[in-house]
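Paired with subunit B in one complex and with subunit C in the other, subunit A is shared by the two complexes that follow.
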Partner chain A sequence: MSFDILLPGITLIPILGVVILLLWQRATKNQAAVIGILSEGFALFIPILLLPSIRNKGEIIFSLRWIPNMSISFSLALNWLSLVFLLTEVLVTLAAMIYSLGEETGEKNSNYYYALLLLFSLGMSGTTLANDVFLFYVFWELMLIASVLLILLWGHGEIRFKVALKYFIITHLGSLMVLVCLVTLYINFGTANLTELTQQASSLAQNVQVFLTLFFIIGFSVKMAIFPLHIWLPDAHTVAPMPVTIILAAAMLSMGTYGILRFPFTLFPVETLQNFAIWMMIAGLISEVYGALMALAEKDVKRIIAYSSVSQMGYILFGLGTLTASGMQGSVMHVVYHAIVKALLFMVVGIVISLARERDIEKISGLGKKFPALCVCAAIGVLGISGMPPLGIFNSEWMIFAGGFESNISTALTVITLIGSILTVIYALRFFGSIFFGETKPEGLAIKSPRALIIPTIAVTAFLVIEGLMPGPLMAWTIKGLAGIFGGVN
Partner chain B sequence: MVDGSVFLIALIFSLPILVGFGLAFVDAVMRKKFLLYLALSLLFSIFWVYRFGELEIITPLSFMVEEISISISNASLLIFFASLLSLIGMIFLHDDAKHQISGITALLLCVSISFGFIAFISGQFMIRYIALDIVGLIAALMVLKSLKDQVTFRSFTLIFVILRFGDLSLLASILLLKSYTGTLNITDMLNTAVTLPLNVRLWVFAGFFLAVLVKTAVWPFVLWMRHAHKGSNGATFWVSGMLMPSLGYYLLYRIQPLIDSSGQIKTFVVLIGGGLILMTLLLDFLDHHSFDYFSLMGGLSGSFLFAASAFGPKDHLKYLIAALLLYRFMYYLQGKLFSSGFNKFVTLMFLIINTAFVVVSSDQLPLAFIFGWATFSLLVAVWGFLRDQRLRLGDVRVRVIKTYLGDKSLHWIEKGALWINKNLEIAIFTNGIYTLGRAFNDSARWINEKIEIGIFTNGFYRLSDVLEGSAGWLSDKVEQGMERFWSWSGNTLMKISEGTFVKFEVEPSQKSEILLDNALNSLDKYEQNVLRKNLRLDLVWIPLFLLIIFVLILVV
Partner chain C sequence: MSDKSLMVIPLGILIIGAFLLYVVSRTLNLKNRIESLLTALILVGSSIVLLVLHQRLPVLAADPNSYFGTESFGGIVYKPDAYGVFILIIAIFISTLITIFSGEYLSKDPRYLVFYPLILMTLAGMMGIFLSKNLFNLFLLTELTTIAASALIAFRFQRDISIKAGFKYLIMSSIGTMMMLLGIYFVYRSTGDMHLYQPLPLIDTFTRIGAACFLLGFSLKAGVVPLHTWVPDVYGHAPSSVSGLLAGVLSKSMLFIMPVICLRLGLTSRELGVYLILFGCLNMLVGAVRMLRQSLLRRFLSFSSIGQTGYLMFGLGMGFYYGLDQAFSAGLFLFLVIAGMKSLAFLCVGIFEYYYGTQDIILLTGISKKLPFPAVCFSIALAGLAGIPLLAGFNGKWMIFSTAITAGDRLSIIGLVIFVLSSVISLGGYLPMIVKIFDTTTDNLRAPVFLSSKKRVSNWLLIPVSILSFLVLIIGVYPTPWINWIEQVINWMVI
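Showing the complex of A and B:
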């Protein structure tokens, strides 16, 4: 029995959830959460059901005519590459929704809050599944609008208006660059279908290919928050309510990586991309070191982890820039592992802030003795982000570095990137040591950590350990997923 | 035969972990006993595996699509055996009054034994790397006393970061080699490494050698060992004091073919070995607080090993490593006992080990190397003795002058002898030595101030300050600068939009409203004026007449 027909359900079920939530004005937070979690749960369940079919066919496509005279269709495609990204973002959203139950956010207008969370997730799932450039852009913007509204309506402090505007403008600038490329492709080939575009794009003039690749990479790098395009990230992460921060950092950043893989890396031959390889590696290295230095200088616990994302995205861009199978596979795996670690660390930060009512790292210390479970979760998170084996990031990092050496672009650059990773260890240990060691402060610390927050945190910690110990399935999926990149990576 | 060895290998790996978990449930006294029994049974098992000879076993497990293999060599077993022997001694020496072995510490110790063993026998480089990383983490964790103590956490951070630095350099070499060999199998990788172009070999060698320098805690990486030594005792110190250096030595043993493959690398290694011996002695001469006894002798014996790895035959190198590991335990013991007699024995042992190595390998060693080896061995032995006697060359100098220049009525022969003694022996040889000593002293002070304290000790903190400072500067200038730029851009955009909006949207709308108002007002006024005037009823006749005319026209 084929479940292929269920594919559009990944986008339709959340829409149904949104409609129910919008109609159910009197829904309490728990009721709204149940709708949200159920919708997201189903959206997670469908790709799992479709796994055997993907294994057989390699790709499942669903297509519905939408604007026929413009050759635009509601076309979705699920393959190994999109599966990895889809599962990551749906799982992260699910974890964030469960974590929301223990948070104060969304106590009022819960139905709108969960509806927007669902729309945010829908934007990401749609972006991942879209097989039509027009549809892709619609979902891409939906993701932005939903997240901006979440920051605007439930963000912290009056500054949220400014931050939301900044976030919107800067990421929208990136989106516009992507739009320019999509429109150029559409005009040149008269089709919006990605499968058709993939077959034809390499026939474009070389200079057009170079121009499009440049615009695609810069546009998607904004979403990835690569230095110096990261400027929106620290503020947005800091001001957003914690569940939204979790989704932003752990899931939405990965959309940039997906975009780079789905468009320039799939559409154009490797010769075109070679022009950008070293620049991507350099930008990745700068981002890695710069983000780590900022995390070291920062005192706000939430911003420390936010800057860490800038650094981690640097590794991913570096890996993509190597243009090797190991490097790109490492990058995709890093997206997944980073999502898990970042979700965990933000969950820990959320609990720390809720316990201490304080965000300055110098004013918080000694929580380890009082909250051992939290301390263990944080320790695993910190070791995870430091690339300590057997936790997952170790696997992805060494593959990225291996890609660097295999690329033969610059051994020195790879060595610097590799040694630069020591900065991650330093800021991660500073974060952990300052918060969990020493005399307990501040005064008036909460006695117990909220169970609704600690349970999902422990679950994510366990998931991180399991993923690290059993990287096999993820590896296999990413290898298959990358098979389509510039006609198969050598 | 292989089955038996596989069983024993699995046992050596799993038994410590199982025992480690069990130790959480017994009291401190029992814990110590069990650790002792564990070490003894492991020693017995290793001895038994040793009897099977060299083995290559492919396991059904894989890591990252690469099969995991086990490579049992006599060298790895011998070194691990020596390391475990010292564990027994260190468990005995563990000072319970200072720090009892807790359940967690015992578990960590057991895990480090298991992963240490894996690091020794793994045939796949990445597994070996993972095992090394885990042992490094445990070595750092051993200094943590309590969650309330932020000072020990700083020591933990320092140890972990330095060891990780070594691990990363090792990783760099592994991955660089993998890019040429396409495999992670240690034997295949190292066999291919020697055939690579020299520039690639140098990169690979640099990464491996840096890892060795860090793990064996020679100067300037001795910093982590000092903190580890200070922060742990007895059994808990075994991981950093014995296991970690033994893993470093074994890595050196494995990369010996790479060293052997190039004259340049060989010379470099010998020079590094000799240079490190001199540097260590210089620094200790100037300030004996630079090194504790253990770190000093550890650094010195490690440096000898580097030199031996360059020219010594590989077969003998493993025995030298095992002997130096046992010697390492001896001077650990001396550090505990502070006994002058024992020190002589330790110094003698050092000389015996070094002499034995050079005698056994003499047919394969260049003469210059033998001469250098002997000189440096004597120098270190004398130094060890002098250091123990708390003698400084300054004291010797005073004693010599008093003895030979005292006021005595002398025979002319004696006077002549004295003259020779004064002008030749003292002025040239003795004082010459002192002049040299002073130069030595000054240069050592300079190195100490500028390099050790200036760069490595304070430099570490200064670097951290600079890092924080530059990070702060970047944060203030670049980050905030960008913030200002974006704010400025936003504000300018807002102003332009506002101006345009006012000019083209608000003002025209206001103007049109005013115009409309004016028009309406004038209309209103006109209407008012009209209404204000009296009705002229006489004008009614006009339409009436017009109607009559119209009717008349129709009639006509």
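Showing the complex of A and C:
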């Protein structure tokens, strides 16, 4: 028996969960969490069930007529590329949902809180699965709206209104650029179906291809928070409640990468993209250095890790810009590893803030002696983000830089990026050193670390170590996933 | 019933209904609710005939000799166009809901007796404008609409500001109708004829000047920038139900009658297209920018309405300039969804105002705590107007986008850029509004106390609002049947 029919379940079961949560007004936080985690669990379970089928066919497609007179359908496709992003996103959401249980966030109106988390995740899984440009945009915006609502309703402080507005408007501007491209594709070929578009897109006039690629890359770079389009990120990450920050940083940023891979990279031949290769690499480099420097300059612990995202996304764009197999594979793997490490670091920051009730890094120190478990997790996270072998990011950075040297576009740029990565080590060690070493500060430090928070943190740490030691499956999946890039030429 | 008489029966029902309603309710001293139900009944009757007419349209549109009236005797001729019937059906549907809404909304007004006949008169005038195929007749019916509407705007005459708003509308609209009269003079001077149901015997400079006069007149009534100055004052101070009717249906529909007349009188469709696109862009920008930082909800919505007029003009303009059918579908679809969303928004403001006596968002911050359902409906309307996916507005946006990209020349791309720009700017207006509605951090609502003796919001107010919200949602999620309908209408259209 084939499980292919279950594919739409990845989007429909979370919708069911949302409906239940909306109706169940009196649900306590635990009850709401159970519903949320269960329905999100299906989104994890179904792709795993579908694995053998993907192995056989390469891609599973589900399609349903929706607006026939505009040739728009409810069409989903699961292939190796979307599988990697889908699993990353679902795992991060699950971790954040479990982490929420130990947090104060969502004590009131928990049913709405978990419903919105589910919608947020639904937006992301829909984005990865959508095989129709209209549907893609619908999910893309759903992701944005759900996250804005989460920041608005559960964010910290009065400033959240302004921050949410800024976040919405800037990322929406990026979305509109993407929308222009999607509609252009749809108009030129009279279909919204991505499989058909992929087959035909290379027949577009060269200047249209260049224009679309430019708009796609800029539009998706807003979501990736590439300098100078990153201005929404630090505020949004700081103001959002910790579980939402985890999803934003670890999962949502990677949707921009997915968009770039799914649209310009899949649709157009490599010749078109070569016009942009060097610019992507330069933008990646600037983002990497700028993010790292800002992380060094910041005092707020949450902002440090937020800026580190800008820096890490720089690596990813750099890897994509190399246009080589290893560079792109490195980028996709970096997305996955970055997701795990970033989730871990934000979890650690969350615990530190809840222990110290303080966010200024200069006022917190010496937690290492009192909280050894937390210290170990943080150490692994920090080593992870600095690219220490055998932890994952080492593998992906290796491949990204290898791609840079292979590509022959500019060896100098690659060398500078490589040297620039030292900045990551500096801010990571500063972060770790000043929080966990030295004399214990502040005075009113909590005595015990909250168990509900530390357990998921340890689990993520373990996952990071395991992933780093066994990169085999991920590597195999990403290679297969990238087989369709540039119209399947590579 | 013959096809020919079918063409005027809906109009007849409204006009006769208006007089009868007034006489009956005056003599029997009917209660507000009963009168509103009777009005709704008249509207439903009229719309049933319209629907029958709609079914017969393919036959009627094909036959040039099927019209109602006579050529002699000044030539009073009625003949429906396919899209005219479409617009009228929407208009009557929305007005029915607004009438039911008024059944509670006007309960504190002493003069409710005249309100409903005036609504019927306004609609009758509007219907006449769409059906009439004679310039002088058109002029008379436009005047009828103007006068009835200004009486409606000044309905709460106890307040100076309402009188001022009504007066402003009367003056501005009269200037519009005077322009039309001037246009008629020019046309009559050249041709000695005022018929519209068949092509004019000759087209010269004077008929084209006449066309320009009509263009100006209708632009003024539609609130096209820079003739939009009356819009914020009028929508801002009229009762919410009247503003909903004017902003949602009446003024927007003028954009659809304008091309028919102007093209007949000798403007080319390229000229008309350029006019609509350029001034549409201006409308979008002015609407979006002026919408920011408004605190009075109705004033805010009226600037958003100016922006929406721009979207409609952009869509229609592309239709005329490039001759694209899909642009007309986009235009009609936008008309449908804007009518729904705009009237929904105004009705929700009406509910806030009815229970808290204010339309100022600063006082209404956190209203969602007290009136959760209307607050949700209001945000559905605003989010729809902002073009958020899965709500009706987004599909319209998608259609405009695809038309502009299909056309793909410099003019349409400039228009598209302005469209994108204005939709981003207007987000800065819609979003803070939604946020403030749901901002429950301030503990107590600053608005004056709950004005009603009953604890619950009246069903008379809730039912129309929930029907409209449901429609906005359903057209967003499943637009297929509506698009089918519009494509059918476009197929029947003969310009």
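Definition applied: the second predicted complex is superposed on the first by the 487 of 490 C-alpha atoms of A that agree within 3 Å, B and C clash if a C-alpha of one lies under 4 Å from a C-alpha of the other, contacts with A are read in each partner's own complex, and residues count from 1 in each chain.
We take it that a residue touches a chain if its C-beta (ideal position, glycine included) is under 8 Å from a C-beta of that chain, and two chains touch if they have at least 3 such contacts.
What you see is a predicted model, and the numbers here were worked out from it, not measured in a lab.
Visitor: Looking at the combined model built on subunit A, do subunit B and subunit C fit side by side or clash?
Guide: In the superposition, subunit B runs into subunit C.
Visitor: Between subunit B and subunit C, whom does A:67 touch in the aligned arrangement: first, second, both, or neither?
Guide: The answer is second: A:67 touches subunit C but not subunit B.
Visitor: By the touch definition at the top of the document, which applies to A:186: first (subunit B), second (subunit C), both, or neither?
Guide: The second partner, subunit C, only.
Visitor: Going by the touch definition up top, name the partner, subunit B or subunit C, that contacts more of subunit A.
Guide: B
Visitor: In the overlay, answer first, second, both or neither for which of subunit B and subunit C A:161 touches.
Guide: The answer is second: A:161 touches subunit C but not subunit B.
Visitor: So, A:422: does it touch subunit B (first), subunit C (second), both, or neither?
Guide: The first partner, subunit B, only.
Visitor: Which partner does A:390 contact after superposing on A: first (subunit B), second (subunit C), both, neither?
Guide: first
Visitor: Taking the superposition as given, does A:142 touch the first partner, subunit B, the second, subunit C, both, or neither?
Guide: Second partner only.
Visitor: Thinking of the overlay built on chain A, is A:369 touched by subunit B (first), by subunit C (second), by both, or by neither?
Guide: The first partner, subunit B, only.
Visitor: Is A:16 in contact with subunit B, with subunit C, with both, or with neither (first, second, both, neither)?
Guide: Touch status of A:16: no partner.
Visitor: Now for A:293: first (subunit B), second (subunit C), both, or neither, which partner does it touch?
Guide: first
Visitor: With subunit C in view, single out which of the stretches 436-444, 508-516 or 544-552 of subunit B clashes with it after superposition.
Guide: The stretch that clashes with subunit C is 508-516.
Visitor: Go through subunit A and flag every residue that touches subunit B in one model and subunit C in the other.
Guide: 165, 169.
Visitor: Considering only the defined contacts, which subunit A positions touch subunit B in the complex?
Guide: Touch residues, subunit A against subunit B: 165-166, 169-170, 228, 231, 290, 293-294, 296-298, 365-366, 368-369, 375, 383, 386, 388-390, 394-395, 398-399, 401-402, 404-406, 408, 411, 414-415, 418-419, 421-422, 425-426, 429-430, 433, 436-439, 471, 475.
Visitor: Considering only the defined contacts, which subunit A positions touch subunit C in the complex?
Guide: Contact set of subunit A toward subunit C: 66-70, 134, 137-138, 141-142, 145, 152-153, 158, 161, 164-165, 168-169, 172-173, 176, 179-180, 183-184, 186-187.
Visitor: Along subunit B, where are the residues that touch subunit A in the complex?
Guide: Those residues of subunit B that touch subunit A are 64-65, 126, 129-130, 133-134, 137, 146-150, 153-154, 156-157, 160-161, 164-165, 168-169, 171-172, 175-176, 178-179, 203, 467-468, 470-472, 474-475, 478-479, 482-483, 486, 490.
Visitor: Which residues of subunit C touch subunit A in their complex?
Guide: Subunit C residues touching subunit A: 388-390, 394, 398, 401-402, 405-406, 416, 420, 423-424, 427-428, 431-432, 435, 438-439, 441, 478-480, 483-484, 487.
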